[in-house]
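Each of the next two complexes has chain A plus one other chain: chain B in the first, chain C in the second.
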Partner chain A sequence: MAHRHLRRIVLGLSPLALLLLVWHVATVAGAYSSVLLPAPAAVWLIFVDSWPDLLRHTGTSLVRVLLGVGLAFVTAVPLGLLIGRFRPVEETFDWTIQIFRCLPGIALIPLAILFFGIGDRPAVILIWFSAFWPLIITTIFGVKNVERTLFKVSRAALASNLMVFTDVIFPSALPSILTGLRLATGAGWLTLVSAEMIAVKSGLGYMIMYAQVMFRADQVVAGIILIGAVGLFFDQSIQLLRARLCRWQDGLVIQ
Partner chain B sequence: MHLSVSDVSKTYDQRGSHVLALDHVSLDVAFGEFVCLLGDSGCGKSTLLQIIAGLEPASQGGILIDGRELVGCHPDTTVVFQEHGLFPWMTVLRNIEFNLKARGMAAAKRHEIAARLVETVGLAGFEKKYPHELSGGMRQRVGIARALATSPKLLLMDEPFGALDAQTRSAMQAELLRLWAAHRSAVVFVTHSIEEAVFLADRIVVMTPRPGRIGRIIDVDLPRPRDPTSEAFVHHVKIALETLHTPRALLAPS
Partner chain C sequence: MTTRRQVLIAGMSAVAAPAVIPRLARAEVSSVKIGSVFSGTTMQAPLLPKYLAEAGIKAELIDFANITQRMQALAAGETQVGYASVNGAILLASKGLDLVTLCNGCEGGWYLIGKPAFKSLSDLKGKKIAVQPGSIAQLGLEWKLRDLGIQKEVELVFLNNNDMPAPMRSGEIDALHGVEPIPTLVRMNGWATDIWNPYETPLGKRNVVLIASRSFIAKNPETTRQIVKAHVRATQELQRDNSSAAAAMVKILNLSPAIAAEAMKNIFYTSDVGGDFGKSIVAVGDIMQLMGQITSKPDWSKFVDTSFV
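Up next is the complex of A and B:
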């Protein structure tokens, strides 16, 4: 077990280490001026010197994305469960979903600013919008894949509609919902950083834009690294959550 | 409890054409009786079971339980499904508790009943396992335990041992008879295996396909446990075999 963990870490970090090496060599060789391409060491200094600022911006971004994705979860999952279960509800919403899910959240930034001004509100609403569609689609998919026999078992057991949702449909669809959550956090995070570049005056996106204006390439790169790191963190957390909640799938599916 | 299948017909719409799955089927099952529905695929035996369970409506006729028309599923009836129908995300114990939970029984009480049933079906030590961690025979034991949890008066079984290997299958048949002797109830058991039907049933309802009808009802008056190699046993198998393979016109009207 320890051996496998070690292997995972070594293999997982090796492309990143290679990238770091290429980056370092490029700066030493002087491929670009250091104003455009800062050395890894220079970026490291940003982390050392201005970590309180970085932490503050990262924290702001994190809160927004958690709020937006959380909001998407509590709205998309219940609606998705209903759509997947009841045909008329699906017939009502299907076309609307297919239209709206094709709109990139970023395209709605101008509208969001017009309606909600500058600040947290447009950012959170845009994240909610981006996270909503992957979640609702995977939820519907999850419900539709519930084994038909299990509905018969429930009916023969005289289970209430509510119990069918809580004890049959939801747990059965949970792996699919968590896949949706993974996609949703990715989409939300992507939208957030873009939104912060335009619609807000704080957060990692804003920090990067501001650093660009100030010709601080080292800060730009530090911001990019943080965005990537948070993305990885989200993904791993949801994977962990899935491993915990869907233990019954161990050995059933390849994870 | 008395089950009465009263002149039931069932038609399906299949790509625009009507398919007659059951054609005026009538049958009575008394409490404590073990009845097998025997027939080749397409004879409507599973459909009939679904209708008795209240999971499918009859197109014509109806089901009477103690003289009352069945609407939906009956609380005294439980079903053991083909391929077990267990919830893959529930442990053995929680699967067995499901029917009790659906009836609103308090958690402590249903744990107690489920724990006792785990012992009864010989799965002690496997309470916390998930269905996919069990063998086929063990899964079906869980399915049977779940069905017995509510102390049903009518137990409906839809080819429950169809997916099992021959050895496990005969072990499960003996096990089922033991449980049936302990938890007396009426059993309607669907199978396409003649030997299984003769081994288990008090009466064998032989069904013939296209459209599904009752060909003949064979009384099996052999003492249990039955010996599949005995002359009487083989004789009953022969009768069933003949019925299955005789053109309908030659059969006495049922």
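Up next is the complex of A and C:
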């Protein structure tokens, strides 16, 4: 078990180590100006010297992403369950979903400012918007893949609609919903930079944006690394949650 | 034996040589990419291809989404010449990039307006002022707030210039320090009134300059001269009649002609590098250092080269 765990870590980190090596060689060779591409050591110095700032920005962004993705979860999952279960609901919302899921968050900044003002509100709304679509689509997919036999059995057992939802549909769709949550979290972090361009003075997106304006590529890269690292942490946490909540799947699907 | 044909060829070669040899020896580029951002202060850019074509140079105008991207493209060598805010150019040059200011571009172009209740900057203590981060407007405003001793009491809200009208209208910000035509648009819609004439700082009206990389200039001195010449002619055209610039604003930004015409009154196209042009650029650098935007200054003797004008 420990051997497998170690192998996972080594394999998982190897592409990143390769990337780091290429980055280092590129900077040593002077392929790009240090203003455009800072050396890994310069970025490391940002972590060493400015860690309190980085911590503050990361904390603020975490709160915004958690709020946005959390809102997306409580809105998209119930709606997805209904759309997946009832055909008229699906027919009502399908085109709307297909249209809106293609819109990038950054294009919505002017509208977000118009309707939600400036500061945290539009930032959280934009993150919610990006996280909503993967969640609703995977939830619908999860409901549509519930085995028909389960419906037949629950109907034969005279289960109420609510019971069918809570005891049959939701648990069966849960693996898909949690996959959607992984995608939604990723989408939330992707939108963060755009979202934090709207008149906020903290957060990793703000830090990256302002560092870009001030041509501080070292800070930009430090922010990117942090977003990636926190994104990975979120993803691994949801995977663990999925493994725990969907233990009934063990042996049924390829892990 | 020398034939008549050989004599004729030798004669023609002698006549053509002064024109052909320098061109071959130079091997300068015949096409350039000009980086710009669509704004009222960079309206010479769309005119450059016309004037450069007359000199046999093909010019491609690349409009970037913001000033940062424009400067990064220049720094990366993707564009050879471009219009830049003088503070952005100083920032990059201070980090060691070989940028050269070739000519003055445009002066002024921004204004601070706010809710009618506020009559001066001092009234904005504890209030929110929107400003585009990294702009010359931000630099001037921060200097002035520091000068007034209220830097920490005023909240600067970073917004893109075009995103400022909506929060000003809804009252979420108390004032905005924007680049034209935004201040005029907001003022003429009655959402704000003038609060501060921003040209009273040591920055004056200094704003946009024409820049190129030193390596490009060294390899292409004649092309550089032609670019500067085209810029000067484009500037003169706009000085004579800026209606084409106003019309472009109307078309692209969907403004009313009256707002565009009014906004043009606050934009001063110039290619003048006389007087205190060089000194004023140094003054911008001084303020940037004072405000902590740069830690070291560029080599001014290399950063400003107006010999092509």
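Rule of thumb we're sticking to: the second predicted complex is superposed on the first by the 252 of 255 C-alpha atoms of A that agree within 3 Å, B and C clash if a C-alpha of one lies under 4 Å from a C-alpha of the other, contacts with A are read in each partner's own complex, and residues count from 1 in each chain.
Going forward, a contact is a pair of C-beta atoms (placed from the backbone, for glycine too) under 8 Å apart; a residue touches a chain by one contact, two chains touch by 3 or more.
Fair warning: this is a prediction, and the values are worked out from it, not measured in the lab.
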For A:S33, select first, second, both or neither according to whether it touches chain B, chain C, the two together, or no partner. second
Review point. Just chain B (first), just chain C (second), both, or neither: which does A:K201 touch?
Key: second
Open item on the list: Tell me the contact category for A:G117 with respect to chain B and chain C: first, second, both or neither.
Closed with: second
For A:G59, using the defined touch cut-off, is the partner it touches chain B, chain C, both, or neither? Pick first, second, both or neither.
neither
Check your understanding: Touching A:R155 in the superposition: chain B (first), chain C (second), both, neither?
Key -> first
Please work out whether A:M214 is in contact with chain B alone, chain C alone, both, or neither, and reply first, second, both or neither.
-> second
Exercise for the section: Give one of first, second, both or neither to describe whether A:I109 is in contact with chain B, with chain C, with both, or with none. Expected result: second
Overlap of the chain B and chain C interfaces on chain A comprises residues none
Listed in rising order, chain A residues that touch chain C in their complex are 32-36, 109-110, 113-114, 117-119, 197-199, 201, 206, 209-210, 212-215
In the complex, chain B touches chain A at residues 53-55, 72-73, 75, 77-79, 81, 83, 85, 87-90, 98-99, 101-103, 130, 132-133
As the complex stands, chain C meets chain A at residues 68, 71-72, 75-76, 91-92, 95-97, 130, 133-134, 157-160, 162-163, 166-167, 170, 172-173, 293
Counting only contacts in the complex, chain A reaches chain B at residues 147, 149-150, 152-160, 163, 167-168, 171-172, 174, 246, 248-249, 251-252
